[in-house]
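Both of the next two complexes hold subunit A, though its partner changes from subunit B to subunit C.
Right, the complex of A and B next:
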């Protein structure tokens, strides 16, 4: 029964026009990045992108997917997660379909897990899609001579793919954590836009707060503080400490978000 | 049986009950939406829930379906207490509440498939057939492939009905099912309700259309200002409302004096009299008339329409409230 509900949820999300448009937009990111670097290196002006990461991208297509996801995690992927979370509960409430599900009946806790599953599956799908397109377009524009790490060593293509796979999982987890908090907001309103606005405002405010050194004490609690540390998958050997901290932090957000959503949903009048 | 606002009329029933509420109360902030609702829905009945807009019909229905938690009171649905027993009871309940709710970007058929995926009683292999049957039953076959976005109000209503009928149900709850339907559509809904009744399902229909209720229901519950002011079998309620006898006679004067002597109140009306049956019975009245020398051509029980009953029940309280307001005003002057 639960697999059938999971299946229905993912099918429903994939049928949404906005999901398809969103996925199309996400896929453009690695293509544009590959193309940008390719034209920049053609002109021989030292390439675009921030120094360090941008410099090693030349002639190294395997780095494009990592670079793409790393950039997108700051704004694009949280936006997509918040849209899915918003449609999941607030959107259903707005259309009156939440009532239908509850009367079917689906227990409220189970409904939350169905929504969380849909969010996770779609996040994993979107991130993987971006990575795969990144690998293809990166290889096409920049070539592939293995993956050069930030530590200066070069990994074989197979090892590079493992690193990309790991990065996909890490980024997906961050996205799901943000989505879970968005679901908590989503359970408390009937307006999907409120959910998106609240989530994106929070992400942006967190990033601004992260710039102030006077707020050092606050930084360990901001989910956005954990984003840059994830790039450690590009070092050789991988230093796990920052990756562990970021993932743990995201785990806390996931638990708190899910907990709040469950409490709100169980007592909710609909 | 008398109907009064202070003591709701309840037809005593010893038959099994599909749903029951006791002392139901729901507050939204400082507003009391529903108060002291004792509702009884006998198994196999078609109960019409009547009431003006804002009388608490929908709130009561939402509590009955476990969508809303009552502030106070108990609910029993198909023998299970709510909200604890919701997962056992609700699979057997089909509902159309507060208008149909579907996804605009999916077709009618796809929307039903999504609903069906969450129906516990529907095995995976039977989903397709169940959806087609439901579409056929509500007469949506022509429009099932079109997006819900483009549906007319009547088509949306039909789709909502189809979702409620995906699985054979013990209880079907329809909140204003004929909203936005043309006369043909209304007739079809009546027929569907009739079919459900014939198949042994219990049906709860809420409506503010009296004729609709009168045509389809076996039982009636009247809500007013968040509380039940009358409930029972439709025929009993109507009889209780019309405790008068219409007598056709050419000898109006003779008849009136005969009745006056027997201390039975009556007044001339049309071709005869209207005789109040308070404290007397129809045979007694006719006996008095015949013995008094009045020729009785015809005597019929005064049949109240539901409309009259409804108006009396809901307006009586209105008048009462108006009076008490005046009383307090007078008291203030003194």
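Right, the complex of A and C next:
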């Protein structure tokens, strides 16, 4: 029963033109990055690519998906998650279709879980799509001799794929956590744009707050604090501490978002 | 409507759990109850520390630094703040250290024959083949974050000049440890009030070193294990194959290339070239040297500006110069090229600098 609802939710989401346009935009990111690094390599010496992970991208195509997702996690992926969350409840409310769902003899909690499932499935799909395109374009433009880690070791392609898979899951989880909070906003308004604006403003403000060392007591509460630590996937052997912390942090946001959305939906007048 | 209430309660519980989880994560981990261990005399503990043979272990080290040092591009791990590093050793001289720096990482591997130093920021490997007992700079850098090695050195150098006590126990990296405290004797003119070393009760291996200075309750610097697993480590960790795309250089080649780019190297080499002169003993030991006049004049304006920013101009009957102060050490650079440094107040340096040849 619920699987049918899950299926129809995802089908609806995939049918929206903006979803397709969004996915197309996401897919462009790894291609542009691979192309950019490849042209930079043609200029010979100088290198001087982007700092951090970007420095080891040269000739290391398997890192492109990780680099792409790591960059996108700061703005692009939260934006996409907020769009889907906005469409899920506020969008339906705006079109008047939410009323039908609320009066239907279906538990409202179940409705929320269907929306959350749709968000999760689409996030996983989008992130995986970006990673796959990243692997392909990275291999095509930059070559693939296994995956070189930040620690200077070289992993076999199979081990590299495992790392990419792990990173896909971690990034998806962060996205879903942000999406859950966006769903809570979405349940409280009829205007999808409000949801997107609120979510993106929050993410940007969090990142700005994260820059101030004088506010370091606040940093453990900000979901954005957990983003940079995910790069530990590219170290060898993997230090799990920061990855665990980031995931726990996102888990707290997921609980808060889902809880608030459920409270709002249950108390909402049809 | 009972079901509705249950749903609401469950949802509220979810929100509360989430908020509680956030607050818990934000709280610093408590030190926990100090373990109870059989009494041990300070003297025998010191002996055991000095004679303990480091075994194989791997772990995460956290450096908490409030020394007030300017951040150096060379060793970002030693700038003020908290930094962590991961080290592994097989107990027989082979080791690996991973020093993360933001999103890049420096890895230093000693495989027994060669010391490899990899920096992901510039995709470069420095390969230093071991020659006759020559100190290897990168290796020293890696060992500076190893609390066990650091503590041994401190104890060895200062035990005659300190009052040594065992001050209770502590739990470090989930292991029971004795707190060994070295307090400089009253006759020592030093900035340091005490050095606390947590010594593993079982292995007698130092797990944490904290340096406390006069007039501060918080340690000026702490190096300690956050996590440690003792025992044989994966032998693969002590191998290193340079990645296919990386540039491989030797330290000599790197120095050649770096000389024109990095002016401060000139001064550094001048300092290393002359045998440093040692004055005094114990905690108030002062190290002196003379920078050749041409090296002093070679310092370009921008480097001079940097020096001026961190130093204070001083003068006395010994001459004039600049003094650079941190919480644990003072460095005095006279305008004529004499340099003295030590873990002492500046007055001691003023008294000593006249002896520099």
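What we mean here is this: the second predicted complex is superposed on the first by the 264 of 270 C-alpha atoms of A that agree within 3 Å, B and C clash if a C-alpha of one lies under 4 Å from a C-alpha of the other, contacts with A are read in each partner's own complex, and residues count from 1 in each chain.
Here, contacts are C-beta pairs under 8 Å (C-beta built on N, C-alpha and C of every residue); 3 or more make two chains touch, one makes a residue touch a chain.
All values derive from a computational prediction rather than experimental measurement.
On the superposed subunit A, the positions of subunit B and subunit C stay apart, so the two partners fit side by side. More residues of subunit A are touched by C (comparison of subunit B with subunit C).
Once the two complexes are laid over each other on the shared chain, residue contacts for A:258 go to subunit C alone; subunit B is not touched. When the shared chain is aligned, subunit B comes close enough to touch A:16, but subunit C does not. Of the two partner chains placed around the shared chain by superposition, subunit C is the only one that A:145 touches, whereas subunit B remains out of contact.
In the superposition on chain A, A:267 contacts both subunit B and subunit C. Of the two partner chains placed by the overlay, only subunit C lies in contact with A:154; subunit B stays clear of it. The least CA distance from subunit B to subunit C in the superposed model is 5 Å.
Touching of subunit A by both subunit B and subunit C, each in its own complex, is seen for residues 267. On the side of subunit A, the complex with subunit B involves touching residues 1, 4-5, 7-8, 12, 15-17, 95-107, 267, 269-270.
Those residues of subunit A whose C-beta lies close enough to touch subunit C in the complex are 47, 51-53, 55-56, 58-60, 108-109, 145, 148, 150-154, 217, 220-221, 228, 231, 235, 237, 239, 241, 245, 248-249, 251-256, 258-260, 262-263, 266-267.
Considering their complex, residues 4, 7-8, 10-19, 21-23, 25-26, 60, 86, 98, 100, 102-105, 107, 116, 118, 120-123, 125, 227, 237, 240-246 of subunit C touch subunit A.
Of all residues in subunit B, those touching subunit A in their complex are 62, 65-69, 86-87, 90-91, 93, 95, 97-106, 110, 113-115, 117-120, 124, 163.
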